[in-house]
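One structure is given below, represented as structure tokens, and several questions about it will come after.
Should a chain be cited, it is by its letter among A, B and C, assigned in written order, with residues numbered from 1 in that chain.
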Amino acid sequence: MAPPKALLLSAVSKFFEYDTPRIVHIRSKKVGIINRFIQLVIIGYIIGYVIVYKKGYQEFDNVQSAVTTKVKGIIFSNDSDIGTRTWDVADYVIPPQEANAFFVMTNVHPTLLQTQTTCPESISVSGAQCQSDEYCQKLLGTILPKGNGPVTGSCVPSGYGNVSVCSIFGWCPVENNVTFDARAFLASANFTVFIKNNIEFPKFDVTRRNLPEPGSIQLPENVTSIDAYLNSCMFNGDNPRDKYCPIFRLETIVNGAGVTYENISQEGGVMQIIIDWTCDLDYSENSCLPEYSFRRLDKGDYSISKGFNFRYADHFAMMVNDTSVMYRNLYKATGIRFLVTVQGQAGQFRIVPLLLNIGSGMALLGIATVLCDFVVLYLLKARAFYKEKKYLDVKGQDAFEVLREDSESKTSNEVKRRNQRLGEVTDANGSDA
Amino acid sequence: MAPPKALLLSAVSKFFEYDTPRIVHIRSKKVGIINRFIQLVIIGYIIGYVIVYKKGYQEFDNVQSAVTTKVKGIIFSNDSDIGTRTWDVADYVIPPQEANAFFVMTNVHPTLLQTQTTCPESISVSGAQCQSDEYCQKLLGTILPKGNGPVTGSCVPSGYGNVSVCSIFGWCPVENNVTFDARAFLASANFTVFIKNNIEFPKFDVTRRNLPEPGSIQLPENVTSIDAYLNSCMFNGDNPRDKYCPIFRLETIVNGAGVTYENISQEGGVMQIIIDWTCDLDYSENSCLPEYSFRRLDKGDYSISKGFNFRYADHFAMMVNDTSVMYRNLYKATGIRFLVTVQGQAGQFRIVPLLLNIGSGMALLGIATVLCDFVVLYLLKARAFYKEKKYLDVKGQDAFEVLREDSESKTSNEVKRRNQRLGEVTDANGSDA
Amino acid sequence: MAPPKALLLSAVSKFFEYDTPRIVHIRSKKVGIINRFIQLVIIGYIIGYVIVYKKGYQEFDNVQSAVTTKVKGIIFSNDSDIGTRTWDVADYVIPPQEANAFFVMTNVHPTLLQTQTTCPESISVSGAQCQSDEYCQKLLGTILPKGNGPVTGSCVPSGYGNVSVCSIFGWCPVENNVTFDARAFLASANFTVFIKNNIEFPKFDVTRRNLPEPGSIQLPENVTSIDAYLNSCMFNGDNPRDKYCPIFRLETIVNGAGVTYENISQEGGVMQIIIDWTCDLDYSENSCLPEYSFRRLDKGDYSISKGFNFRYADHFAMMVNDTSVMYRNLYKATGIRFLVTVQGQAGQFRIVPLLLNIGSGMALLGIATVLCDFVVLYLLKARAFYKEKKYLDVKGQDAFEVLREDSESKTSNEVKRRNQRLGEVTDANGSDA
């Protein structure tokens, strides 16, 4: 609008302008109620769900965690297979330490004092059985599928009845997987594990651990210090205090996943211990406490892949007639692998996320208008009337003509006259009357 | 509008109101086409990309996973360096079990029966070579860089030609890293690994495993049960059935990453096995199947950090003349470390995300108006006409004056008259004419 | 508007239409400034924060990583507890290799040559001390809490003063946890670790490693090649070049977390090595370099869970009078566990995220209108005037009546006349005057 000679001024004037949409303000019970209802739903969603329920006013940070575990427990076995002996942690926890995990052996099938020599192949290896050396000679040097070593070519007694097998060269004697029952020798309900979990929320510079802080829990009487409590306590999910005790009976963990200890300890399996740190740091840090839950991760029901077991060996040498010979003890270890998963996040009030959620929430209010307009302009009896109020019908030079001559002719004359200099506008008896 | 005495009523009346923007309804081919086109693009984006392609109608959950691996394979070595012997899993998989990983030794450089005593330092240690004891006396007690122990002070034959070196106290004999060739004794194309992967999508309470369920795959004829199939099958990415077989030849994995087995097994390396579970739970669970892919994670080309190897030792004692002496067998193990990464997420239809995506998508439609307005108000020939229809020009008391007197004077008189009681409005021949 | 006989045509005509809201264009310094200011804040937020600071114009990908570590260092111990011997990596790194982690033993309490037999229980086990066999007979077969095996029933001298304890059957001799001091025999400031980290950003097909590429860093003079540099360099966070050297003195890592090496190596602990790859791939790949930081993850201050230690054993057999007997060496290992965490993401320009951020940003501009309208319609002196310009007051058939007769009567007559055929509209002296 500014004359060309004052472009700058007009620019400045632009700065002092404000555009706001023109509104049709409809007073109508029907429309109003629809409108307010939809608005209510949307605002309810924004405030109730986004802001309050989803804590839209908070900034979040994920947990950084370190887990160390210490299993405790002694068990005495008196068994033909694994002998009369006492087992402690250094025997049945393999490897001695892992990150976020530990394995407890519940059953073991040892093959002791193996050395590299020749011996009969296992009779359970298909193709190992023989009647004569010729058969084995044909296999000379080959390793049978699932076999234990290259065939030497001689047919020897297997030691089981009068069955003969080809002899092989390898770790001898070979593992006897004929007579091995799946009892859980080493499964003791008394084993416990101390799970030490230090976490941090770097963004909020908050560090916590799963050992109750003094004051954060109420000690039992006759227990004076947290240390004393930790020396005696045992995790119990149902107890408001002991559900924060970081010492777990293995059986509690297994049962917590709805599995019986006998069941899983025979075939072995994989358990998950979930430590959840979901903290609202708008409250005291002391209310930021872990929650434990347990799941069984393997649900094996195929014979081929049942449970969880693996083979390992202790290698060593022995002096035999003043010469050292390499030996190994082979163990087929069955047991429970415990994985410790630490998850969760902390939130704390920040102004930015709040504004953003409100802002983007308000954008949703546009939906109310869309829906109401639909009702008002297409459903209501007086829709023609409202439409006319809402719309200013403007016909451009290149409007698409739909046999409108008649309808226009009505008013065309003075309209034309009025609008020559402007272009063209149809007088739809609109708000410009 | 309500008289002060009826505030409540007016409040109630507010409730029965509805505001909807007034619209200029322009009929013009040019503008219409531009408008519809932009709308089409945006709606196409929302429906085509956000809703359909990105599955905006679904809620998602990430996979929870447990992986256990079992390597199988026997190899016979007949070599000066590692001797004539048979190697099985308990020998070449170190450690026997890991979480989401396993290491297969492809080459080993053993130093057997080391014990704590004095012996010549390795000639490859810089500064170890000597002509006389004086030199070593100067070093007495110091540990040379990359040396094997404190120098004892005496200069002894190294055993290589007539080179002399200082003797040290430590694990003797020291590792001979002079003559060690990088052949891959233990690399066998026949080694296989059974990868057992149990996953869960907790949010949808769906658990799956990478063992094909009965019916989910079509068995080969003459194979009656899944178990039988799993006993015989071998992974093959190109075969519609065998690409779900969880038993892999190590060579297949390595080749799958575009690496030759010979190449990687000599220097060692790190491979990644990616198991991808991307599931659309709107379909049958049985269509939720894993996809395997393989990558090489280390691409070492510096001599200093070539491949992957590490040293480990078996410690034991031996009776030597009725006294026990501590020994160890030291191994420099070269091999391939396989990391198993399980990723992926599952989606299922939920109404909330659908509504949200539509809602926020509709907000984008505002862009269409912005762009079209720009065209209509600044580019079209009839822009002045449209502008006048769209805008009601209102001049506040404190409007910024840009030498408008002239332009106003035109119409000021009757305008002034008409508008005295209101404040001021310029008649821009606007929609209020 | 099209006659029923031409529905198709009207549909087509619909296509050539465009709706744009009618705007009140207010020229007012006050309102304008408020309006522009709010717009400025929002646009500033979008451009400054979302686009520029948060790189809203980029697509991001998370890092895929493989870490291998190699510890180097020799230490000589001369101590009553662990004897006179030289320790190397194969002795004090347990297990020899882990994924993304390594443990360095700084102190060890060995119990050598244990075998399965009977021996006095440890006097530190509560309930083990006895005066006579009767007491032990009562405990026959039971394993005392924290005991080392089932009680055999006889009361024997403990070997400490004249204290007697029940004898047990198990690994004998039992660990002596009476005299064990927490010195860090094996903590050497000279130990180093080579951390080899290969990463990949799959989406951008970019692979990097934490070994400086030729040309990416400026070599010291007299060092000719990267290999030579890597052979000699040592990480130093303060040095522009050495902060990319992947070889770390353990002490540097520990100090980097504000901990003294002596302190942590006595009780043991858990350290985190964070390798951060935050890369802007709009720049050269060579500028995509790692950043190292160090944190202590355990902050133990309870006596019960102080530091980090675990027990492991070497199992072996020995020939004793021509029969093999199983032995083990038990070690209580204290040390530092180092976890290597690789994090970070890479971003690269993409058009889609840019458009999306701009689009959703513009939606926020609606807030400016909301706020300004509030000012204009409720706070300004001339609010009535502006309200009248902005709103077209329309009264539906079912409007909620609030004693408005009077206010309406004013103008009702000609209005009624004018609007009979339309329904009803109150002339609020509005823009329809």
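Basically, contacts are C-beta pairs under 8 Å (C-beta built on N, C-alpha and C of every residue); 3 or more make two chains touch, one makes a residue touch a chain.
Protein names from UniProt, one per chain: A, B, C = P2X purinoceptor.
The shown structure was predicted, so the numbers you read here are calculated from the model rather than taken from an experiment.
Between the two copies, subunit A and subunit C, the C-alpha superposition involves a rotation of 120 degrees in steps of 5. Between subunit A and subunit B, two chains of identical sequence, the interface residue sets overlap only in part, with shared numbers making up under half of the total.
With centres taken as mean Cα positions, subunit B sits 15 Å from subunit A.
Within subunit C, the positions touching two or more other chains are listed as 13, 15-16, 19, 21-29, 31-32, 95, 98-99, 314, 316, 318-319, 360, 363, 366, 389, 391-392, 399-400, 431-432. Contact residues on subunit A toward subunit B in their complex (touch as defined above): 1-3, 6, 9-10, 12-13, 15-16, 19, 21-29, 31-36, 94-95, 98-101, 103, 116, 143, 146-150, 168-171, 270, 272, 295, 297-300, 302-305, 308, 310-319, 324, 326, 328, 330, 333, 337, 339, 341, 360, 363-364, 366-367, 369-370, 372-373, 376, 389-400, 422-423, 425, 431-432.
Those residues of subunit B lying in contact with subunit A across their complex are 13, 15-32, 64-66, 68, 70, 72, 74-76, 84-86, 88-91, 95-99, 112-113, 194, 196, 198, 200, 207, 209, 211, 226-227, 230-231, 314, 316, 318-320, 327, 329, 359-360, 362-363, 366, 381-382, 384-386, 388-389, 391-392, 399-400, 402-404, 407, 429, 431-433.
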